[in-house]
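I've put the structures underneath this note.
The following pair of complexes shares a single chain, chain A, combined with chain B in the former and chain C in the latter.
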Partner chain A sequence: MLEVKDLFYAYPTGLEALKGINLTVDDGEFLAVMGQNGAGKTTLVKHFNGLLKPTSGEVLVDGVSTRDVSVAKLARTVGFVFQNPDHQLFSESVEEEIAFALKNFGFEETVIEKQVTWALNLLDVLEYRKTSPFMLSGGERKRVALASILAWDPNVIILDEPTIGQDHQQKEKLQQFILQLNAQKKTVVVVTHDVEFVAECNPRVILMRQGKVLVDGKAEKILTDPELLLQASIVPPQITQIFLELADFGLPTDVIDVHVATKVLLNRLRGQS
Partner chain B sequence: MAVIKTNDLTYTYPGATKPSIEKVSLTINKGDFVILTGPSGCGKTTLCRCFNGLVPHFYNGKLEGTLTVAGLDVAEHQIYELARHVGLVFQNPENQLFALSVEKDVAFGLENFAMPREEMRKRVEWALKMAGISELAERPPHELSGGQQQRVAIASVLAMQPDIMILDEPTSFLDPLGAEKIFEVINDLNKKLGITTILVEHRLDLAAKYANHVIVMDNGKVALTGSPREIFSSEEARLIGVGIPKATKLYQHLKKNGVELKSVPVTTEEAANLLREVLKNA
Partner chain C sequence: MSVFEGFKFRKVSSVVHNLDPRVKFFFVLVLFVMAVLFTNFLALLVLFLVPLPFVFVAKVNRQWLRSLRGAALLAIFIFATNFIFGYFYPTSLSGITQPVDTLFEYVVLLERSVAMTLRFVVLISSFSVFFLTTSPDHLGLALQQSHVPYEFCFAFTTAVRFVPVLADEAQTIMDAQKARGLELERGNLFKRVRNYIPILIPLIVNAIRRSLELAESMESRAWGASKKRTNLYELKLKRADYVLVVISVLMLICAVYVWLFVPVPSLTTLLSL
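Entry: the complex of A and B
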């Protein structure tokens, strides 16, 4: 469980990035953190694995304050996939990249080998096993970064903008994959701007604005409230935009999913004809 | 009038075993707004690097076939000559920004053109304003957020007022409203100044409405080319895994269930208007 209590954080430059955050993420929850650029999303999630320590207030991971444990120790529980894979990748080959953390955690060679192959397969980068991560495309590097975290099977997985640079198919796979992780009772926290992605997953959403949590609730409630979204610099999903336009026909306005949308429209059309 | 023309363009990076792009033949006309899309690793970025001469002059490797950009044969002209015509906004802004202030970064290209100081100042101010970052002029780029850096990268290319602007996922770090604003800026430059625009993008939901030409690449080759409506409603695009806008998807789902709208919508406005007609008559 992640508990954030009255968290304030100021960068050494004096910039106050977080101004009193209170938030609890239960085990097995799927949370999307959304909001405008510079709202403090990444700063917030960097507290979850102790990369940043609170200026005041506290962050507890499974009841233990992040001030009292090293990042190395926290990492075993909380895996963090960076927004920019180039901030994370450094090894000579994809294989070494993924094995790196496993070696640091002291896993045995045979386990490492197994986990590396498993993670490479999972993220569809097996063919690049011996390739340098820097020879790969942006989207592929992103997947290698993700594979390197999943390899040690942390209980909490934080993904900062996972869909950036991913094509449609990879995004669909990623979505399946995140939902699957979540079904296995992993806690998943995703920082994202990708409204369509969130609309398809329908997780719990918090909207952030200027270092504070603006609202906390289900995706279908939040993503269909244009005024709220505007404050967080988000636009509603396409399906919602269409239904908002058609509000005068008495159709529901809290639709985010294309399948639900189809059903609603068919019912209306068939019911009246 | 063709501003970019390739014929059987094939390129292999040094040390690579197979070409990254293969027998690419395409024409882009002056003033076009092109979306270049396709699965990750399909060669989009490599093709863009050909357009401004980074391939082959910076990356070396083996370039075959012909490529003319703004009337120049790319194989025969250096990057600095092509830079007068083609501006490239990189996928990762950190690969592009290096100066100690935003202003200096944006001015860099102009300095290299030996532009007079006063004119340069005006141009930089204009570019910063267009990209919505006037207030960041004095800030060091490496201290900015990903989204802000992306705007700086765009401003530094805008400042050069190129004939052709290539943007490789230019809004990937931006929040949706910020992305929409950048697309509006790009669209304005395309429509008002006639700058030919090539946008590499996966998120077609956001970009589709601005484009008149979509090129889909797959496995190093051009798989499909046409208007957004033609591409999004084609079965091939779905099979390649192009992300069809939700407005078009809704059309497809309804059609499968026996409700056919009058035309294929690409934007939410179009979809809403088409649905309005059907709902009125129901």
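Entry: the complex of A and C
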């Protein structure tokens, strides 16, 4: 469980990035953190594994304050996948890249071997096992980076902008994958600008603006509130936009899912004919 | 990375910022020459005080302090080497004979080591003031008007311009690797140096990648298409610039005169009076 209590954070430059955040993320929850650029999204999630320590207030991971333990300790429970895979890939082969963290955590040789194969399979990069990560395409590098985190099976997984630079097919896979992780009772926290992606996953959403949490609730509540979204510089999903514009015809205004939308429309059309 | 903080330019306007970069550079060079001329503690202390008014007039004291703090480790190293070598090979110092055992000899040795450290601090401090108050664009302009080929000017300004970018990137990479359980401060000296490999490789790879991208984007904007470039801004010496030139030249003359004809007393002789 992640608990954020009255969290304030100011960068050494004096920039106040977080101004009083209160938030609890239960085990097995799926949370999307959204908001405009510079709202403090990444700053907030960097507190979850102790990369940043609160200026005031507290962040508790499973009841332990992040101030009291090292990032390396926290990382064991909280896996953080950075936005840009190029910020972490350095090994000679994909295999070694994935084993890196496991070695840091002091896993045994046989366990490392097993986990690496498992992670390679999971993200569909088994064929690149012996390839240099620098030879891979952008999407593949991103998957290797993800595999290198999932390999030690952390209970909480934080993904910073996972959908950036992924084609539609990869995005679809990623979505399936994240939902699957969540189904396995993993806590998933996603930082994203991608409304369509969030709409399809329908997680809990917090909207951030200027270092504060603007609103906290289900995606279908938040993503269908144009006024709120405007404040966080986000447009509603396209399907919601259509339904909002057609509200005069008595269509529901809280639809974010295409399949639900289709059903509503079909019922409507069948009813008329 | 904090040593780079002192070289990060911020756009502000002050008397010091508006000085001609060539003149400022000349001033810094004079300081440099003087710092190399003297090995005496008192002389170096005076040299340390000279750029201080500039720091306060330009209101860059915080960044300046930060760069000094960043250089602290190296300063300690310089102090230690001087002290240790002075202890074992004291013949180069006047008034000391091997072995170093009297209080007087220790004080002389100490003064000398502190002076050498101070010399380093003077250099860091004056160059830091220069870079903190001179925009990279101005610097490039100054080089160009000193008839340095444009290619070199461009390479130079780009290098200066990318220092803070690289520093930021190094921080992100460090975070990304810490999130995978890397502990930089663990192990013996050899292990600690090796700990930096996962940080250096992505940093270098990204820098090369970025320079290639930069080259491509420059070429696509017709870099080098015309032999004769014109500039929007021209540097012109103003009254304040002439004043600083005069001050610098006077300082240099004074320093050379003192160095040749006036023996600067050492702290030990002053105190024993």
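One rule holds in what follows: the second predicted complex is superposed on the first by the 273 of 273 C-alpha atoms of A that agree within 3 Å, B and C clash if a C-alpha of one lies under 4 Å from a C-alpha of the other, contacts with A are read in each partner's own complex, and residues count from 1 in each chain.
Please note the rule applied: a residue touches a chain if its C-beta (ideal position, glycine included) is under 8 Å from a C-beta of that chain, and two chains touch if they have at least 3 such contacts.
Computed from a prediction, not measured in an experiment: that's the story for all the values here.
Aligning the shared chain A places chain B and chain C in steric conflict. In the superposition on chain A, contact is made by A:Gly139 with chain B only, not with chain C. Looking at the shared chain after the overlay, A:Gly38 reaches chain B, while chain C stays out of its contact range. Using the contact criterion defined above for the overlaid structures, shared-chain residue A:Asp86 touches chain B and also reaches chain C. By the touch criterion defined above, A:Gln238 lies against chain B but remains apart from chain C after alignment on the C-alpha atoms of chain A. In the superposed model, A:Asn104 lies in contact with chain C only, and not with chain B.
Contact with chain B, but none with chain C, is seen for A:Lys171 once the two complexes are overlaid on the shared chain.
Touch criterion met: A:Leu265 reaches chain B, while chain C stays clear of it.
Clashing C-alpha atoms between chain C and chain B appear in just one of the listed stretches 91-99, 217-225, 235-243 or 253-261, and that stretch is 217-225. In the superposition on chain A, the residues of chain A touched by chain B in one structure and by chain C in the other are 84, 86. Interface residues of chain A facing chain C in the complex, by the touch rule stated above, are 46, 49, 51, 70-72, 75-76, 79-80, 82, 84, 86-90, 100-101, 104-105, 134, 148-149, 152.
Residues of chain A touching chain B in their complex: 13, 35-38, 83-84, 86, 135-140, 161, 164-171, 193-196, 230, 232-235, 237-239, 241-242, 245-246, 249, 258-259, 261-262, 265-266, 268-269, 272-273.
For chain C in complex with chain A, the touching residues are 169, 172-173, 175-183, 197-198, 201-202, 205-206, 209.
Against chain A, the residues of chain B that register as touching in their complex are 13, 37-42, 45, 91-92, 94, 143, 145-148, 169, 172-180, 202-203, 205, 241-247, 249-250, 253-254, 257, 259, 268-269, 271-272, 275-276, 278-279, 282.
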